[in-house]
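Each of the next two complexes has chain A plus one other chain: chain B in the first, chain C in the second.
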Partner chain A sequence: MKALMSVAALMGAAGILLLAAMTVGIVPSNTVRLIEGYMPVQVIAELTLFVAGFTGLSYMMSAMGMAFPRFWQGILFWAFLLIYLKFRIYPPIPFSVRAMYGTISLVAIFMWVSANEEDWKKFKQPIMNVLDAKTGGTKALRIGYLVIIPLLIGGFSYNAMVPKSEEPIELRTVHPAPPASTKVHGKTYTLQTSQNPYRVNPEGKYDQEYSNANIVEQGMGRLMKPNANPWDKDAQGYLKYVREGGEIFYQNCHFCHGDNLNGRGLHAFAFNPIPANFTDPGTIAQLQETFIFWRVSKGGIGLPNEGFPWASVMPPWEQHLTVDEIWKVVLFEYWHTGYYPRTWD
Partner chain B sequence: MKNSLRLKAGAFLTTAFGVILVSGITGGLTFAAETLPAGFKKGDLAPAPSADMIEAGKRVYFTKCVWCHGVDGAGDGPGADRLWPRPRNFNQGTFKIRHTASGELPLFDAKKPTPGQNDLFETVTHGLPGSAMPSWEGILTEEQRLQVLSFVTTELVKDRKFTDKQSESQTVLQLGDLKPIPATEESLKKGAELIVEKKCVECHGADGRGDGNAFNLKDDWGFSIQPANWHKCWNFRGSRQDPYNVKNIFRTFSTGVNGTPMPSFADNSTVEERWHIANFVNSLCEREADGTPLAIDQLTDKPKVNFVLSSGVILDNAEIPADPENELWQKRARRIIAMGGQITHKPRNFVNRIDDIWVKSLYNDKYVAFMFQWDDRTKSVAEGKLPWPPTSVNIDVKEQDPKTGEEGSIASRQNNYAVYNDAVAIETAVKWKELPAPIKPRYLFGSNEQFPMDIMKWEADGSLRAFKGTGWDKDFEERDNYEESSKLLFSEWKNGRWTVIIQRPLGNKKDQDYDEDTFFETGQYIPTVFFAWDGHNGDAGRKMAVSAFYYTFLEPPTPQEAYIYPIVIAVGVVFLEGWILMRRANKRKGKNV
Partner chain C sequence: MKKEGEAKVEKGRDVYYKTEGIVVGAPAPKTVDGPRDYPRYNFESRVLLWFANQQHLYYGSFVLAVPIFCMVIEFMGVVTKDKAMAKRYDQLAYDFIKISLTAYSLTAILGGILIFTFLTLYPAFFGYLSGIFRPVMHIYALMFVAESGTLYIYYYGWDKMRDGFLKWIHLSMSVILNVIGTLLMFLANSWIGFMMSPAGVDEQGRYLGNIWHVIHTALWNPLNVHRILGNMAFGGGVVAAYAAYKFLASKTDEDRAHYDWMGYIAMALGVAFLIPLPFAGYWLMREVYAYRQQMGITLMGGLLAWLFIIQATMIGILFLSTNYYLWQALGRMRGAEKYQRYIKYLVFVLCCGYLVFITPHTIVMTPAELKAMGGQQHPVLGNYGVMSAKNGGINVIITTTILSFVWYMRGNKVSTVSWSKFGNIFMGVFFACAYVNIIWLAIYGYYIPANVRVGLSVPQVATTLSCLFFMFPLNAAMMKGAKQMGAIEWGKISVRSQYALIMLATAFTWMMGLMGYIRSSVRLFWHVNEIMRDNSPWAYTHTVGFAANMISFNVLFFWVSILFVFWLGSLGMKKAPVEAKAGVPGGAPQPAGGH
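Let's turn to the complex of A and B:
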């Protein structure tokens, strides 16, 4: 038990030191990098490690006879959570969301410190001490609180009443429900039954297994399979069409969606909503190929209201590309990100 | 390169005259050592990368790079023709950002990804801001970046060899050992004098906005390029994602930019002079009012954007000043409006030369005014009458074909377009109150007749017009009686920057038309979009730069209550505290009894 706890304590201390150093900038802030696309899992894992670390720290300290009062444990843990949310998570989350998480964790901490009568008493003790003010120190503290709290609350309420401008929060549905069918260049495509005509093997037959076997490899870099180069002169079927799709992508799409399909193209910084990041497992990896076909063909202007059609600069590509070209681009996007399109069943 | 030429010349002479071989070579060497520019040291060529690295790099190249740089690395991939600047042609071994002397190959060692000692690795890692080359850090591993560079430097650089000791040399700027001179006022003053003396201003312009020789500059391949705008350091190719770092400027100034008209100043300036110039150039980059650098968004390497443009109130019915130097304008906070190319509908603008606008706003009881400031290297006013009426939206400007061959590419056509008017427009939603937030009319000229857009457009011919937009492909409608009440307060192009102030009515039911004109109300968020046209880029109609939706927010004056209520609340809290203390005291008394 003790060995386990000391390992945890060591881990907790190291973790908190590293986090502090990264926040202040003593070590580069990307020392422990948040991996794009896996951030939620990573954050939960990190927090779990920290909780384990803190448990170990607290155990070790009380074992060494330097027990840390429950009151300060609660407050410090809450402060830690707030700091973690503000400085660790990137891209930063807005204050309103942080406030929500902060409130929830505050409630959780209260539940923890009031889990049994004794704990709760221990937690309350410092507060009661200040209220009773039996020693000189607590007396000074009490007077301090008497003055500071009204000032703070008055200041906050003044701050809240002075006219301010804050960006209104607008919640957009990124993947709205698709229509049953879509009409592009005079032909109707039923989303449930349509297939990408270029997802074919070298013999020209629709072959999802073949194409899935030839996409780029998942993992760092997302590189093509060694023997599946779309730029091979002899490439036939799927890989040949991937190259043609890529040519169209780099003539039309990369300006916003970026050279690595991560939504960080040349013009991306100017637009809001920002262009979709296809390498994120939450975009095309979650969608059917025909859904992408519909979104690409109709663009921002073809979105239902919950998708903010008034603000999206996504072109209705049917104005610029043929149906074949759109299918090829979709093919390329799945190849380059290494994702399989979702199927309807 | 320079030194090796000298050596070759020396060798030629020795054979030609048949004099003592040894003295000839040593003479050549001492000669080279004497002329080593200040701050540089002789370096060694790096060893060749292993065959494994090259083979692995080929796989990276054909997954990620081939799309722009082409199968043979000639900078002619499928994406190349719509890019400006064009992707690098590797074949000649000409690389822009280096620590090596002008004309030399850049530093590259496949085994040493050390910052400051591996130019190509840093270029791939940080990308080249202001161009389409992204940062590959976090996308490719360090190993993969070294692999792809091994492939590029051995297989795609065809005219030169990174390991050939006969023809190549490395004269390396010792940037790590050179201490920057603090950017004191004196240093900046010296720098300001030096940029005139060294003729920097001839290309970069009197104010450094890259407007000096904006038309005639070509790179080694004959493509049009433009001098850097010193006010946008985040677009410096060599900024290495650290745009306010003076060392980057010092390096570029010392080593030049190979393949472009930007020379190295290592031979004709001392290290100290170079620091003064770098300090001065760095000081010109846009900053906050208090002098701190702008916050840069890590994801895009551009300044961070705030989507609320707040307009300051002028009380007591005073007029809005027409002079941008007026204190009211000077004190007003400015907002950066990020601009992208309009690539939603034809004709698309793949290369927008205006990529941001600074906007300030003021209002009084009748009018609201906007001050636009943006950098444009050329003042463009169309000669004669334009072939279409001002209301025309669907005008015939051809967009760039996707694949044209180098002769038809954007990079070779730049500065060769028919010249139209520079222009800027502000578009606000009409009847925005009837639309439940966040619904707005479409950003591109409105949704339909029911929810149109109010468009005020200023053009460089001096006109200020008011339109109603009812859809992206619908010609504008002129608005009645609106232009009379609006006013162009100021417009000037100076040293590569436009400043335009327009004033328009706040809107009221008596004088304006509720169905056509935006009514501005204090404390409300009014959806706003900005458009800009660069006449020398052939911008007209929908070929333009656009912003996302912003909000214009007229700051209400601070209400009386804001001073009264907080005091009342604070007093209330004091009473509450007293009550809690009394209760506690009573309880304890009770216990004691």
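Let's turn to the complex of A and C:
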């Protein structure tokens, strides 16, 4: 047990030092990189390692007779989490989410330090000491708090109430509910039931399983599957349509959506928000193919009322492309990202 | 040549079942904003209706849930061999029904207020709805009479039917009472089911003569299941809060012991129904998506998505409060210290599950933050914000809650069965595998088609429920004849635990208000979805802030009024015999679910 805790303590100490050095810039901030595609799991794994490390450190310090007070353990761990969320994760997390995470971590820390009477007593002892103010130091602290706390509350209140010229916070509806049907080039498409006419098997029948088997591999690299190269001159059927969709994409869409479909095209950063990142699992992977068809056809101007604040400059592509071309582009987007369109069966 | 009578028969096509039927009703009225269809006070009618409806629902849920508790607790009293314990259970059940009785009158009064509000402010809509449901309106009223009659006999006959065969008759009456109550709720649910997913009418809203189609709409069954579970969890929360309040106000150890025990029983019953509740909610949402994709997207990804984040936050609070209470409850057991040192790891696991569960897909941010983030999708948060991760998050939370329960149930005991070592290892491995499976499936969900991903929730839920259904009995078997390290010292629990119970109840109440609002507002500008349009000036969706304030007001009003009900109940409270109230040395009460 002791050996295990020693390893954890070493890990914790090394982790804290490394994080601190990366935060202040002594060590390059990309020394331990968060790898795109693995970041969500990596973040939780890192936090788990830190918790193990802190537990080991606490254990070792207690074993050496230098027990770290529970009060400071709680406060410092919370501070650590806030710093981690603010500086470790890139791109920066918006304040609203950090506030949610920070509040929950604070509640979690309270639950930890008050889980049993002994711990709770240890934790609140310094607070009680200041409230009781039996020594000169605690007396001074109490007076200090008496002055500082109202000032802080007043400051926060003032800051909250003072008129600001900042842009207001926006609650953008990323995927507004689509209409039941949409009319493109004079034909009405029911979004619940329409299908991409180019998602077909060699027999020419609609076959999502077949097309799913021929999309690129997900994960790093997004490699094409053997014998599923749309740019092979002999490619027929589904793969041929993917190629045609790709040609249309690179003639029309990639300037904004990027040649990797990650929303970082040549003109992307002229817009705020930048165009949709199709490689993110929260975009086309969550949606029916007909939803994309509708969005591409109608563009930003065709967003419904609930698409507030309508922050999209995508043109209504029905004015520039035929229905077939739109379906082929959609086909290509799913093929290239390695995602499957959502279905409900 | 057709006869005159035949020529008048007009057929219509059911909007949902697609069957043909003879039109026997008038079309849904096309309302116009004015005193005829929308008479009003100088106030937003929708808000008045919201208030009346919500209060009626709170009380309705409470009075439907409490008799189920009474049935369970009375049954436990009847089958318990320990006489003193039997008396305590019986007294507890009686205390519950007494509270329920006062609340029952208030429910009926609030129901009346609700109907008057409908008639006064939405006469056209109410006229249409009551026309559609005419065949069952009086059945509903008669069932209410039956419910009242059974309840009064059940309550006033308590002492008369105290012993022997009569006690079983009395217990059977609680079953009848609950059957009637549940059917009443199903009927009421059919109205909201019809408003969301109408059936049994044609496109113009004309009734086609089949009342079963009108009742049995696409969302009726999932709504029924969700509401039964929700009512039970809510009822447990309210009773637990009542016990917590009485505990905190108690002046003697004896009273503290009694209310500590009462709070524990109510919490355990409530949580027993809370655990399957997210799965029932998941089924409901799945059916909503299957019924109308737009409705599903409006709820989960569009206009109302942020309300779902608030809902996730409330669900998290419920589970956190439950776990915290259980950890505090370990403190009243001698010998449970060995588990307390590991609580920090449970906190961490719970916290990770919770953070993933509440991560929004639609993030609130300033345009500057949006720019700094480099697009709407964050590479970390974007992954936590979708269903695959959230399923993992909630299942981790529930599995951890089950683990906390297992720890609590073995807190002061040491297994003496010959296979205890093997049993402990098996349980440890089982839980570890469950966590690995849930997390692995949550990650795997990103690499498969969405329709398969939705199906992944089945093995995840199965994993969680396996922990519940296999580990609880296994633990009970291991703890049979176990060595007691010390008694459960009822009343020796921290006051923090009682605040956790109050938090639990408040979160339940708030969440009920929130979910009711979400369910109702997903119809957007329809009184009856796609059949009868809301043409009042209030056919828009409230802002999140307004809705939150309104829900908070409803919660506050409910709690103030229920405190009054509790006070009324306490005026005539039958004093429990002293020996029945006192803690039983060495004989800890057994919670439902087999402690």
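Please note the rule applied: the second predicted complex is superposed on the first by the 271 of 345 C-alpha atoms of A that agree within 3 Å, B and C clash if a C-alpha of one lies under 4 Å from a C-alpha of the other, contacts with A are read in each partner's own complex, and residues count from 1 in each chain.
By definition in this document, a contact is a pair of C-beta atoms (placed from the backbone, for glycine too) under 8 Å apart; a residue touches a chain by one contact, two chains touch by 3 or more.
This structure is a prediction, so every number in the text was calculated from the model and none was measured.
Novice: Where does A:204 make contact in the superposed view: on chain B (first), on chain C (second), on both, or on neither?
Specialist: neither
Novice: Going by the contact rule set out at the top, does A:301 touch chain B (first), chain C (second), both, or neither?
Specialist: The first partner, chain B, only.
Novice: Examine A:104 and indicate which partner it touches, taking first as chain B and second as chain C; both and neither are also allowed.
Specialist: The answer is second: A:104 touches chain C but not chain B.
Novice: Would you check which partner chain A:91 touches, where first means chain B only, second means chain C only, and both and neither mean what they say?
Specialist: both
Novice: Considering only touches as defined above, state whether A:180 meets chain B (first), chain C (second), both or neither.
Specialist: After superposing on A, A:180 lies in contact with chain C but is clear of chain B.
Novice: Touching A:168, do we find chain B (first), chain C (second), both, or neither?
Specialist: In the superposition, A:168 contacts both chain B and chain C.
Novice: Determine, under the contact definition given at the top, whether A:272 touches first (chain B), second (chain C), both, or neither.
Specialist: Both: A:272 reaches chain B and chain C.
Novice: In the superposed arrangement, which partner chain does A:137 touch: chain B (first), chain C (second), both, or neither?
Specialist: A:137: touches no partner chain.
Novice: Output check: A:69 vs chain B and chain C. Expected answer is one of first, second, both, neither. What do you get?
Specialist: Neither partner.
Novice: Kindly list the residues of chain A that each of chain B and chain C touches, one partner per complex.
Specialist: Residues common to the chain A contacts of chain C and of chain B are 36, 91, 166-168, 170, 264, 272, listed in rising order.
Novice: Note which residues of chain C are touching chain A in the complex, please.
Specialist: Per the touch definition, chain C meets chain A at residues 289-290, 292-295, 297-298, 301-303, 305-306, 313, 316, 320, 323-324, 327-328, 330-331, 337, 340, 343-344, 347-348, 350-352, 354-356, 358-386, 388-389, 443, 446-451, 494, 496, 544.
Novice: Name, in rising order, each residue of chain A that touches chain C in their complex.
Specialist: 34, 36, 39-41, 43-44, 47-48, 51, 55, 89, 91-97, 100-101, 104-105, 107-108, 111-112, 114-117, 120, 166-180, 191-192, 208, 212, 218-219, 263-264, 272-277, 280-283, 285-286, 288, 306, 340-345
Novice: For chain A, which residues are in contact with chain B within the complex?
Specialist: 33, 36, 90-91, 128, 131-132, 145-146, 149-151, 153-155, 157-158, 161-163, 165-168, 170, 216, 220-224, 226, 229-231, 246-252, 254-256, 258-260, 262, 264-272, 299-301, 305, 308-311, 313-316, 319-320, 336
Novice: Touching residues of chain B toward chain A in the complex: what are they?
Specialist: Checking each residue of chain B against chain A gives 59-60, 62-64, 66-68, 71, 77-79, 81-82, 132-134, 136, 138-141, 144, 297-300, 302, 305-308, 310, 338-341, 343-346, 348, 350, 352, 355, 402-403, 437-443, 447, 472, 523, 525, 546-549, 551, 553, 555-559, 561-563, 565-567, 569-571, 573-574, 577, 580-581, 584, 588.
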